[in-house]
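Two complexes, one shared chain (chain A), two partners (chain B, chain C).
Let's look at the complex of A and B:
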């Protein structure tokens, strides 16, 4: 068994409005000198530390946890799971 | 008539709801702590508003995993009336008892204001004393009250008459201005506005009678003369 850090990023599906991201873009970034930014999406990240046999097992286990406990709401959100060596 | 008021860590409208059930409508209300079994003698259950578990992760999601929710699901299957208000609605949605999801208001603000509802379905245990399209002046108090369903689910809700209340104008960006829905059977109802804050004339500057009909509908459903 080895230790892994697993980052779970929860963000809105395309088409679900993200008023916070729009506010950050329009009222902060574009009001400065950063006119080449075209989009900002907000997201929530959970950082897991987990002990598993390998990276794939860590990814599978965290995905199972997210699905079983509805860590994200599949109607409006998607998750991206990234695994790193601890 | 026995009504359970389910209390989670962070509920804060439980006492208002208890007061209205007991003192205004003379019902035998009882608090039900979230990690205890639901009493077996209940004729109805209310999940009140608040901030269960501080809205951590997502409003309602942690409370939806509380032990008592399994009992709530069992009595929901038996047809017993269940009302979720505000955070109670969020918990019903996150536990799968009601469809959809409640997102942050479009404005990103916590909204605490009076709204007007329209009754869209008067065939539930909490709306049977209303006329269709009757108006209800009633307050909201939430940060995550924007009801959202995808188009397929919205069509199903309309087809099966599961939309119970709508706002009469755009309030927070909810799909089709939906303020409350029910399950297919109609016995589980969730709503974002707070009827327990609107049934007494002392604290309702508009008209307290329409909100009272939500509770009078419940009395009618279980055959209690008030």
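Let's look at the complex of A and C:
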């Protein structure tokens, strides 16, 4: 068993609007001098530390936890799971 | 998610050719149950919709009532059941948004919201808990961001809503009569789409709402954006003040397809539009998607070229987008183009008026013996049962819910949530009282009496504030109407509501029908939700704190009506028994006597007896006022009954009045004048809720202990269990 850090990023599915991201873009970033920014998306990240046999097992386990506990709503959001060595 | 084969044939006959793909999409959206009311429309006409205060204008999405001195209020009710069942946060929030835009489209400012929420068994079911928690948060986040107070509502749990959510939202608007939008259009007028960009969210939502939830096709979720909604409200009201709006409609179910065809049909005009002019969120959207997208926070406005310049300035100021998507014609056609290419050209009359159905109905078999009475074992002490009921999900205080809503923003809220009905101050010195009520348990046992009961309960609630009912909103929620037994329950409920509305001269000013509410275990129980709007000309009953020595008067008879009661269902797990029925003449007398007592300032507070019966209603008075009481069951008006029936029967038309002893003679005079059944049943004193029968104690419960359970149990259930 080894320790892994697992980052879970939860964001709206593509095509679903993101009012918060749009507000940050329009009301903060574009009001400054950063006119080259074209898009901002907000997301929520959960950082897990988990001990598992290997990276794949860590990823699978965390995905299971997110699905089972409804950490995100699959109707609205997608999750991206990144695994790093601790 | 398309037309049925006979509907397709119908369409072909009506237009005399094969429809294009866009036409098919437009018609499928507009002919869905959600938009066309094809199953219910024929029957809804039975409801009385006119009255001395009702203002009818073509194309209004909300009811309008004249409240005098040049002011009007508008009212509407909507549901967002299907979307909330798959995404409770966004579904509930966008439900709030939709009904607000209906209020706005008449040209009035939304001033209050009410929510009726129903879920499965939250004591056992984790999913119901998840739905409940997120729906409440969605409503709170949306309403609070907009600065519109959520002033009341109701919450109920029943196993028939397993894995499902019923989210009903009612909204009230207020404005000057002269500012109402007089929906009209001239040739050459422009059609403008204002607000959020059109995206892929909510594609086909209205058809989705007209299907049962069994399929996994759940792309129809919508993302709420309350900040755009707020900007739209302010922009529209400014445009209204400058008289820039000829006609207006909000985009709800069916998106552009429905808004354009219904506007054209209501105003007897044609509209030619170009999908390429619609501002979209994504560049690669298909024209059919643009026509049926149900993206939120959008309004359709008809104006002219000169006014458009000013309208654009307002939009710029509020930084909301607006696009001219078409213009008014006089051929009564909905002509949709993509650039120069025509993709749909169809008579608005055909689109906006689906062929109405006359569905068969038959009395459900389950109703045969459901009202036969059942005798429950008699106990010598009901304290424990009362305690259990006070902590039950349907009776426990809903402070965990309304505590999350801002119910005071706008400083109109005179009586706040937690009492019978909330009261709003209007600018002309009058007051408005509003309440929504439903009772699926009783409606299941007797669809007619149950629906009347919801109506009367909402009336009782506003009467308890001193208001006279002036209008009603009905929201009829049932399962699949193609099942004759379900359709029968729909018709029975509707007939009951009609009879009551006619007898009491309370016009129906708005409503909604939501069908196909089915879960994996079958149809929901019949769930009509009735909103009643009451007007107070002088001043509302300002509730005073009860002191030791004050008396408790009960108006109205308690009957042997335990059917559908919390006592039967929660304590004894029994569905059946005699459903409470409203006696119209008794109901009217009792209402008038209570209004009379309030107007003459004889009483400290008035409270209606409903869910949980008399024992719960009296306990609520004690817990809110932190005082004990002594009540004698043998003094309760009505025939002699077993103690459990007196305590927990949910008979209608009953009121509890609290009064200082010095006003007792005057109150008796009033009660006698109205010839009502009433009695002095006890007094407030001590620290215990005490019920006795012939001097023998039946219930003895410490107020503190009861209060602790009643206030906290719902929160505990949601957050910790």
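The rule is simple: the second predicted complex is superposed on the first by the 86 of 86 C-alpha atoms of A that agree within 3 Å, B and C clash if a C-alpha of one lies under 4 Å from a C-alpha of the other, contacts with A are read in each partner's own complex, and residues count from 1 in each chain.
To be clear about the criterion, a residue touches a chain if its C-beta (ideal position, glycine included) is under 8 Å from a C-beta of that chain, and two chains touch if they have at least 3 such contacts.
Just so it is clear, the model here is predicted, and its values are computed rather than measured.
With both complexes brought onto chain A, simultaneous placement of chain B and chain C is prevented by a clash.
Judged by the touch definition given at the top, the superposed model places A:75 against both chain B and chain C.
In the superposition on chain A, A:16 contacts both chain B and chain C.
Comparing the two complexes, residues 16-17, 19, 23, 70, 73, 75-76 of chain A contact chain B in one case and chain C in the other.
The residues of chain C lying in touch with chain A in their complex are 86-87, 89-90, 130, 196-197, 199-201, 218, 221, 223-225, 227-228, 281-282, 295, 319. Against chain C, in their complex, chain A makes its touches with residues 12, 15-19, 23, 26, 70, 73, 75-76. Note for the complex: chain A touches chain B at residues 16-17, 19-20, 23, 69-71, 73, 75-76.
For chain B in complex with chain A, the residues that touch the partner chain are 57-58, 61, 64-65, 94, 100-101, 103-104, 106-108, 148-150, 153, 173.
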